[in-house]
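One chain, chain A, appears in both complexes that follow, with chain B as partner in the first and chain C in the second.
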Partner chain A sequence: MDSFTAIILAIFLPFAAAIFIPLLEKFLKHRIGWFAAGIAFLSFALIGIVAPEIIHGHIIQHSIEWMPSIGAEFSIYADGLAMMIGFIASGIGVIIISYSNGYMSHKEDLPRYYQYLLLFMGSMIGMVFAGNTLQLFIFWELTSITSFMLIGYWRGKPASIYGATKSLLLTAGGGLFMLAGFILLHTITGSYDIATILQNPAIIENIKAHPFFLITLILILIGAAAKSAQGPFYIWLPNAMEAPTPVSAFLHSATMVKAGIYLVARVHPIFSGTEAWFILVSGIGIFTMLLAGFLAFRQTDIKAILAYSTISQLAYMMTMYGYTSYHEPGLGVAAATFHLLNHATFKACLFLVAGIVAHEAATRDIRKLGGLRKDMPITFIIASIAALAMAGIPPLNGFLSKEMFYETSVEMGHIIGGPFTFLIPAAAVLGGVFTFAYSIKLIDGIFLGEKHHDHLPEHIHEPPYTMLIPAAFLAGLVILFGLVPSIPIHNIIEPTTAGIILEEVHLHVKLWHGLTPAFFMTLITFIAGLGIYTRYDKIAAWQDRFNARYPRISVNYYYDRIVDGAKGSAKGFANFTQPGNVKTYIYAILLLMVILFAIPAFMMATQVFPANLNFDIPLYEALIMTLMVSAAIAAATLHRYLAAVIALSTVGYLVSLVFIYLKAPDLALTQVLVETLSTIIFLLVIAKIPQTFKEKIPKTTLARDIVISSAVAATVLVLLLNATQGIVSPFESLSYYFLENSVPLAGGHNIVNVILVDFRGYDTLGEISVLCLAALGVYNLIHSRGEGE
Partner chain B sequence: MTTLITKTITKICIPLVILFSISLLLAGHNNPGGGFIGGVMFASVISLTYVVFGLKYIKSFFNPSWDKWFGFGLLLSSLTAFGAIVYGYNFFRSSIKFVEIPLYGEIELVSAALFDIGVYFVVIGTLLYIFKNVGEDE
Partner chain C sequence: MNNTILSITIALIFGIGTFLMLRRDIVKVIIGLSLISHAVNLLIVSTGVFDGEKAPIISNGHHDSSSGIIFTDKLSDGIFAPIVPSGMEVHFVDPLVQALVLTAIVISLATTAFILILAYRIHEEYGTTDIRKLRRLRG
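Let's turn to the complex of A and B:
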């Protein structure tokens, strides 16, 4: 199998499998999760097939034609960065899906759950391997949508729906900004192709000198920040914790939230080495790192603590990717990348532990938990490993990447100079101190201390192996990467870094560096962290008081205001445009028709009534017309519904007679059938209502109706007269084309039908889709009536 | 509406109209007809039985899920359109084949006809689905 096929399969296999999950569930029942895990493993293995090639420095690029009219191809760009996130998405996918087999109750709607998970995984893999920006955008939004589905998985809970909506509005909305950025990038470079831009120094120079540089950068960063919950956009991630815990572990700690970081890394070669890049990326990173790390203190739900911690940890990566200088644009890239990988291992592990605790102790409230070390010793060990790695304790992997963070912060401080020599390292240490404190809180609050017997079940035991082994596996990786860093460094971090800074790199990561500045910063972190930990509850209480006193200093407050306001104005708009009275709709349609047709007709016609009108009418034509006119008058004046309806149908049938006379059998047939059908519907309705018009129509209404109908009739008359006699169309009639090509191109003699199913088949496909939606809409309207208001 | 005359005539009409609707569907490519007209024809005769015999009575022995019909139709039409991609052509590219059938003679096979069959099922499915739901509503 060649590399291109392998990657395409890795992307689309999860999509294809998702389609068959409901069917397979009939045979596999609750074991369907293992099938999904198998698919995830296949995707992982497929990426594994191409990995050696990428590790040796080769970038796999291939494209097939997709939308040639706008110059977009479906292309694959597989470098180290794509490989790493691809590995994380599929690898953590295997672990999470296996774990879900123990976590999800068999009573849940399992096919839907595993379908969404696989769709998400496919989208994520598709996004990282995307070779052009439009394709990246599409997969990007797909991850937002699948995340929306998974957060709202428990549809009955209002909190789930709130969280799901919030995440969709912010992440998918941010994606639109990113798209605008990509379009600007296309305006500057003339290409959507990532490889073309990245591998062409001249193009990158051109971008950096372009007046659109800053706005493009800002637009793309808004997308990245929204996706990775950075800056003011962080608010969606805590609410996303309403998702089932394996989903939080997968999407909202290890993979989807990394998409923004991935984007920053992907565009790094294009924008880095500029002041704007450092100020915007590191600026937002440092701000978010400190804010979210601090806000984690007052959270009581262990998943919420983990959510704030994730935001803060993502900000670490953001900050490091932002470190840049003219001479060394990729200063923090290796450190950020290593931290990205490490965070995926220890944070996913912590989420899995949170799931285990909630599963066994039936609560996630850290105030009620405590003393679980005796009941679940293995879980305690796993949790401690992961939490200590997050705190940055040697010899775990979190220690290594945090050291690198400190080192690069010192370097960056030196490059800028002035007060920043100390400020940047100080900010980094402060972030580390917060992380240290809440990491300790997690272990202490859940496992140490006394067990609160009044809140917790008497017998708490270890979870089933399906839940324990995935968590233990991740903890094993945490230790392995810490003790033998050369394995991830050589196989993943070096090729990834090379993919971002576009030159070969050799890294030397060791546990012991000597008495470097970073060593002392780590010491300060531990001491200050312990110090703050003793005041943990006091700080949390202060935060609560502060929040209560100043509710408006909260992004959530403004989010809710905007969303509720939007709902209000949408309601007003809907009430204005949809008054619910059929008559109003018909007025609007008819008046618009008069305006749209009458004005151009009067403007284009040389005279309203063409001079060469033909009054030589054959007898039967006159007969049909006379009948039609009398039937129409009858329909408008008769007082009994049944009679009026039959008169109306008569008009319709007479029209079809005219079609036959004009040699248009298709139209005639359609007209007869539609007329029959609508008569049947009328009869159905009439059976349920009084037989005669009861209400008296006011004179004013009558006058208005007469004016509108006359205007419509006059418009149509003028239009018809001029269409056949007066106006010489500036365009050649289309019908000749169809007459000539219907048989040679489509093999059909019935032009009407050939146009419908072949020449304009796309339209028809759209129309029948609308038809299906209309049918479902009718169903919903009928069945939702009486519920709610 | 439920006189003996309408009931008898409706009974006679059902098979004839259904056959005619199928013939309209198949003839559509070269003669008047097509999926839309055929579908409306089919839907009218079924809805006629609903009116004449009453929805409840018809449902007691003949109650297909019409939503599956339009679902199937939409799937068939979309797959036909996608079919061209499998053969490396553009989306919606149609193909024509002339096949010799013993005793009968030459017939024309068009991929667009499959698309039209999808339209046929969508039209039948949606119309009758709507009728049934509106009719069941109190």
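Let's turn to the complex of A and C:
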């Protein structure tokens, strides 16, 4: 199997499997989750096949024609970055789906759950391997949609619906900004192809010099920030916690929220090294890191703490990708990439622990939890490993990447100089202090201290192995990456960094670097973190008071205002256009018809009433016309149904006479037959409908209706007078064809018949179908009674 | 086919049908719709793209006819079997519009029957044929 096929399979296998899940569920029942896990493992293995090639520095590029008209190809661009996130998406996928087998109750709608998970996974893998920006956009939005489905998995809960809608509006909406950015990029470079842009220094130079540079960068960053819950867009992630916990672990900590980070890394070679890049990317990053880390204190739901922590950790990566200068393009990139990988391990693990705790103790409220270390010692150990890694305690993997973060902060501070020499490292340390404090809170609040017996079940025990093993596996990775960093560094981080900065890199990551500034910053972090932890509850209480006092200082407040306003105006508009009164609709249709026909007709003033009007017709024809109009008036004015229907059928029969006069014998015949039939149906029906009321038309309504009817009649008249003037058609009528070919091609002399049964035979087939459907409809309507009565 | 009186007639029937369609009683609305469909059928046929004097039927030549004319503008000239000797230089009316309208006539029968039954069912379910009262039943 060549590399291209392997990657295509890794992307589309989950999609294909998702289609068959409902079918397989019939045979596998609740074991369907293991099938899904198997598919995830296959995708993982398929990426594994191509990994050695990528690790050796080769970028796999291949494309097939897709939309040639707009110059878009379906192409694969597989470098270290794509490989790493592909590995995370499929690898964590295997772990999460396996865990779900224990977590999800068998009574839940399992096929839907696993379908969405697989669809998400395929979209995520498709996104990271996308070789052109349009393709990247499509898979990007697919991940948003599947995330929406998964957050709203419990359809009955209003909170789920709120969270799902919020995430869709922000992430998919942000995606549209990103698309606009890609289109601008296309106008600058003339290409949607990622490889063409990335591998061509001349094009990148051109972009950096282009007047659209800044706006393109901002548009793309809006997309990235919305997806990764950065800046003001952070608000969707806490509400996304309404999803089942494995989903939160998978999408909302390890993979989907990394898409924005991935995008930043992907466009890094294009935009980085500029002032705008540093200010925007690091600016958003530092702001979000401090804000979210601080806001985590207030949360009482352990999943909410994890959500704010995720936002803050993603902001670390954002910040570090922003730390790029002309001298050292690799500055920060390796640190961010390593942290991305580490975060995927320890945060997913913490979410799985949160799921276990909620599953066994039936609450996620940190105020009610406590003292679980004796009841579930294994979970306690796993949770401690993951939380301490997040806090940055050696020798776990979080320590290493945080150390790298501190180092790059110090260096970046030096490069900029001035007050920033201290400010940038200080911001990094402050972020670290917050992280340290809430990480300790998680361990302390759930597992240490006294057990609150009044809130918790008496017997809490370890979860089933299907839930414990995935979490333990992740904790194992946390330790492994911490003790032997060379494994991830050489196999994943170096090729990824090379993919981002387009240069070979060699990193030396060790647990002990000596007495470097970073070491002292870590020491400060631990001491200050412990100090703040003693004030943890006071800070949380202060935040609560602040929030109660200034409800308007909140992004959510404005989000809700805007969404409610939009809903209100949509409702107003719908009520205006859809008042529910049939007559209003008819008025609208008629008036539009009058306007569409009459205005152009009156604009061509000379032709409105043609000169050669022909009133010269024989008396008996005039008589037929007069009779017809009289019968129509009778049908309109006679009150009783029977009389009105008789008048109507009089009109119908007279129409058949007019058809004869118009030299249409077939029509005349048909009209007579149809009129007879429809009169019979009319009579049958009105015999069953007693006349219950007589409409008293108010004078104003009468006047209005007469004016409208007259306007319609006048429009028809003008139309008809002009149409029968023998206006020369700009194109030749089809009729000549039928006249000439009726006998030679169809052997029929009656041209109308030939058209109906031969030239336009399918129309007649359609007509027969309409008759059959109407007959079926009538039959069913008559027989449908009884349910309501 | 320039006939002003016919055009006025069609327009009047259309207008009356429109007026009926604006009524509250469903049965009246259906009668209005039927009138409108008559008017539309006539309208289409009378706007054939070319004028002629003959019905669009080509004779197979077996019939003996001295005049060769079946239909004229004047009904008093009589309605005969549609025979036009083949090979004769004749001017037909537009056959295409007739074919279209023939389909339309049949389909309007189907729709009329369907709406009538709908009206019947509405009466059965709600005991009224007043559109306004039905509206109050909403929500």
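Heads up, the rule we're going with is that the second predicted complex is superposed on the first by the 587 of 789 C-alpha atoms of A that agree within 3 Å, B and C clash if a C-alpha of one lies under 4 Å from a C-alpha of the other, contacts with A are read in each partner's own complex, and residues count from 1 in each chain.
Just so we're on the same page, contacts are C-beta pairs under 8 Å (C-beta built on N, C-alpha and C of every residue); 3 or more make two chains touch, one makes a residue touch a chain.
Source: prediction; values computed, not measured.
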**Request:** May I ask you to name which of chain B and chain C touches more residues of chain A?
**Result:** C
**Request:** Determine, under the contact definition given at the top, whether A:V582 touches first (chain B), second (chain C), both, or neither.
**Result:** second
**Prompt:** Touching A:G355 in the superposition: chain B (first), chain C (second), both, neither?
**Reply:** neither
**Prompt:** Where does A:I782 make contact in the superposed view: on chain B (first), on chain C (second), on both, or on neither?
**Reply:** both
**Prompt:** Looking at the overlay, what does A:A774 touch: chain B (first), chain C (second), both, or neither?
**Reply:** both
**Message:** Quick check for you: in the superposed arrangement, does A:I706 touch first (chain B), second (chain C), both or neither?
**Reply:** second
**Prompt:** Between chain B (first) and chain C (second), which, if any, makes contact with A:G93: first, second, both or neither?
**Reply:** neither
**Request:** Once the structures are superposed on A, label A:G260 by its partner contacts, choosing first (chain B), second (chain C), both or neither.
**Result:** neither
**Request:** May I ask you to decide whether A:L765 touches chain B, chain C, both, or neither, giving the answer as first, second, both or neither?
**Result:** first
**Asked** Touching A:N614, do we find chain B (first), chain C (second), both, or neither?
**Response** second
**Prompt:** In the superposed view, which residues of chain A touch chain B and also chain C?
**Reply:** 665-666, 670, 674, 677, 681, 749-750, 752, 756, 764, 771, 774-775, 778, 782
**Complete:** Within the complex, chain B is touched by chain A residues 665-666, 669-670, 673-674, 676-677, 680-681, 683-684, 687, 746-750, 752-754, 756-758, 761-762, 764-765, 768-769, 771-772, 774-776, 778-779, 782-783
**Request:** Using the touch rule from the top, collect the residues of chain B that touch chain A in their complex.
**Result:** 1, 24, 28-37, 40-41, 43-44, 47-48, 51, 67, 70-71, 73-74, 77-78, 81, 92, 94, 96, 108, 110, 112-113, 115-116, 118-119, 122-123, 125-127, 129-131, 133-135, 137
**Request:** Enumerate the contact residues on chain C facing chain A in the complex.
**Result:** 1-25, 27-28, 31-32, 34-35, 38-39, 41-43, 45-60, 71, 73-76, 79, 82, 86, 92-99, 101-103, 105-114, 116-121, 123-125, 127-131, 135, 138
**chain C contact footprint on chain A (complex, rising order)** = 580-583, 586-587, 590, 612-615, 617-618, 620-622, 625, 628-629, 632-633, 635-636, 641, 644-645, 648, 651-652, 655, 658-667, 670-671, 674, 677-678, 681-682, 685-686, 688-689, 692-693, 695, 705-706, 708-710, 712-714, 716-717, 719-721, 723-726, 729, 733-735, 738-739, 742-743, 749-752, 755-756, 760, 763-764, 767, 770-771, 773-775, 777-778, 781-782, 784-785, 788
